[in-house]
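So the structure is just underneath, and the comments pick up after that.
Chain lettering (A, B, C, D, E, F, G, H, I and J) follows the sequence in which the chains are written, and residue indices restart at 1 in each chain.
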């Protein structure tokens, strides 16, 4: 299986680029695989951004995230990588991702990344 | 079917224009149609504003929003357009709209627009 | 039926006037009448204030609000009027009222007023 | 606009017809129009059935229900009619529909129909 | 003010009298007056019935219940009386009313009546 | 302090003795004292009954329950005793009490008693 | 560390043995150790019983359950054992235990045992 | 990828086979693939059974369910198949599975299967 | 009965006085008596403070608050007095108390006091 | 039993040290022992930090916290100590811990510590 690639992501022209406004997209069906144990991980991604010239298209976002289904990735790493990909493709004014993962061993973890910092 | 028009919106004189106060109106029964697939979309609009000389009348707001029932519109576009119409008609001191749409393909989206930015 | 009057409101001396502290009173049983249709409206008033020399007495507040039971009043107007009356009687350091009304025609509205602005 | 027709509904062969088991489908995006006022109604349909030889296909159910979007229908009537259509097409061992409509005039209503009674 | 009368209630012909089905109507905006203290009471009525030849019309139900707004009535009495009126007018196969009143003196009460017993 | 006595309880004539109906009264402000440690206990009593000729009056119930405020009583004993008193005074067709006490030592307890068994 | 023993449990005479009534005790702070991995498990025990001549004393129940803190035990086994011990000591008319354990590996389990079956 | 096989499931001897008791296991991280679209589905399986001589081991259940991760299966079919496999391996006195799937196209479905019927 | 006294409160040395950190204590079982009607009041106290050299001991706080059980006190007064006592005894860097009282006459009140202001 | 030691904690290199981002870890299964009574305490730890060069490894965090299972520690002390250990090992840009303990004697307490202050 090939690694996830940002080329799956498609964009469309922001219909109101002159206004500073916010889009929030919640993806509760994210799943990837632990690179050490091979066991699946599950989480909810909340992506919030202020678009500049481009918005990401939702169906292509779904396909982009599905690339992680059988891909090995640590929590911290996958969250940062998804932010990097979405920023590279949409060049937003700002963007943040909150990734909430389900409990493992009685402990649950979330990771919050922001662009620009 | 004709396109939505702001002429449906009616106003009344703000009874306390000398005070800076806030009105929040929640409309959980908003529905429009996806311009690509023709499938219906559903969402909740939360409109918050500080009136200046005019308030919008609630029954006319309901009729205004019902114009979108069979109208094709993308999430980002329809939210910005409704803000433009309400601002044009009531000339508020400030106004924001949060539009929360129901999930599609396991993903849900909300759009937040504000006047003035 | 006579119009609501602030003379129903009674006060008592703030027992700790030297301290800046806050009192919040929630009244979920407010009801008035729509001046156009004659239909009853229902709402919850949340009154928050920092008393100066006087606090309002709760039983008299209840009687004051009951005056609106068969009184015709628009949402925006009644909220502003109650604030005016409570400010006039207690002369607080600051006060706000949030009035949340139940849905009508699938739309619900709340009004927030503050003194001083 | 033509009236809703059960011919939109498609079925597939029950993969386990020898077992008595239950399928529950919840449709929170049902909307129709009041035949008197022309105002839209909104509701959630919960369809529960024990299939015999046929199951209804979910995508065709969605299209079937969308036929009511601009169709005038009373609560009691539309619920009974949908049951009649689904029973006619799938010939289930038993089926029930609970239709919960959103409030109108401060009152909300639900209708529960069952086959066979 | 005149006493509540069942003549306000209107009916329409049950569109599916051959089927045994259930209608539930929830009225969260019921209010009456305590006959001893004159203080308002508030409650939620849940009316569930299996219609025979007649259904009650919702707008007339709203007007019927509004007759209690300034009428003195004890919890137990008003609940029984409303059941008697609705049974007399619609002659249902069965009907029940649950009346949940808001707390007084730290105690809250509900009354459940059923026809036939 | 004298022991609690059922003589505090007052009744009124059931206004609809010919109908078998149910009254539920929830008292979330019950408090008594542990007879061993002297520490206060807190609980919620839910009293449900079908009246015969008599109903208990709510204000007198409040005063009756306040008698336990400084009275030493075990959970099991106090619940049974209150049932005995309410049954003796109102002679209901049936009655049950559920007493839910707040946690002590990380453990919480509820007692359910019924008449007749 | 010695194994858990029912001798820790203390009882007191049921104050109302002539009545058939129910006592429910919820213990959300149960913890034991997995006998294979040595890792701690956590759960909530809900014990419901109809006492005959004896009730268990709550403080002794707490000490009895604390014996499992460093004791290795499988879910199914520990739940059955606690029921056996409580039945042996109190000889109830009937008793059930529901043990809800916290998730492990994304899966959570509860065990329900009843006496007599 | 090979098809799911019940040979992954492991069992252990029921430690209390003489008692009729119930084990409930909730698996909120089930995922499979739609055999038509290739899109992932997500659901929660609730497995409840009364063991006879054998219990299923939880870790092997997790591995068994993970076999469906990239396996194409319809809702109705996969739920029936998992019941068949668990019944074949553990030979329980009775067992049921409730499978709640996440919404697709604004519609969500659950399937309930039981052994013996 | 003697009046509440702060001498009941005990302290212990803050184990980390060099760090600015916060302790929040929630007391949902507070009860006092209305000085006018003699009726009991109930509330939840939330005490938040940054300790300096001293922390209050929790068991002594419980005994301190129990002194109000049969003591007459208005909402505003008792909240201010408890703050005064806790500040006098522990000399914190800052402290606040939120007192939420249960509804009376359909109205509920909370009082928030802070030191220093 | 030996005292808890930070040597149990393991770290891994922050995969994105150039970005200022936040990791939140919630541990609802923390338990320790009261140093005075020997009774177990239970709590939920919420650890939030911005990593610099190092992140703590979750499995080692679990083992580190399990060291407190039979260790005597006061609420305030244990929360400060865990912060000190995690800061010493990971040298974060900032870190906070909120420790919420279950109720004792009807009172519950939480402690919040932050680095740097």
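Keep in mind that, in the parts below, contacts are C-beta pairs under 8 Å (C-beta built on N, C-alpha and C of every residue); 3 or more make two chains touch, one makes a residue touch a chain.
This structure is a prediction, so every number in the text was calculated from the model and none was measured.
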Topological distance between chain F and chain I, in contact steps: 1
Intersection of the contact lists for chain D and chain I: C, E
Same-site or different-site touching of chain G by its copy chain J, using the half cut: same
Rounded Å distance between chain B and chain H, as computed from the means of their C-alpha atoms: 45
Euclidean distance of C-alpha centroids - chain D vs chain G, Å: 46
Cα-centroid distance, chain E relative to chain F, in whole angstrom: 29
Interface hub residues of chain C, defined as touching at least two other chains: 28-29, 39, 42, 102, 104-106
Interchain contacts (touch definition) - all pairs: A-B, A-G, A-H, A-J, B-C, B-D, B-H, C-D, C-E, C-I, D-E, D-H, E-F, E-I, F-G, F-I, F-J, G-H, G-J, I-J
Residue ranges of chain J touching chain A (in the complex, touch as defined): 14-16, 19-29, 51, 55, 58-59, 61-62
Of chain A, residues touching chain H in the complex: 28-29, 31, 39-40, 42, 66, 69-70, 102
Complex interface listing, chain G residues touching chain H: 74-77, 79-80, 104-114, 117
Residue numbers on chain H that touch chain B, as the complex places them: 39, 42, 102-106
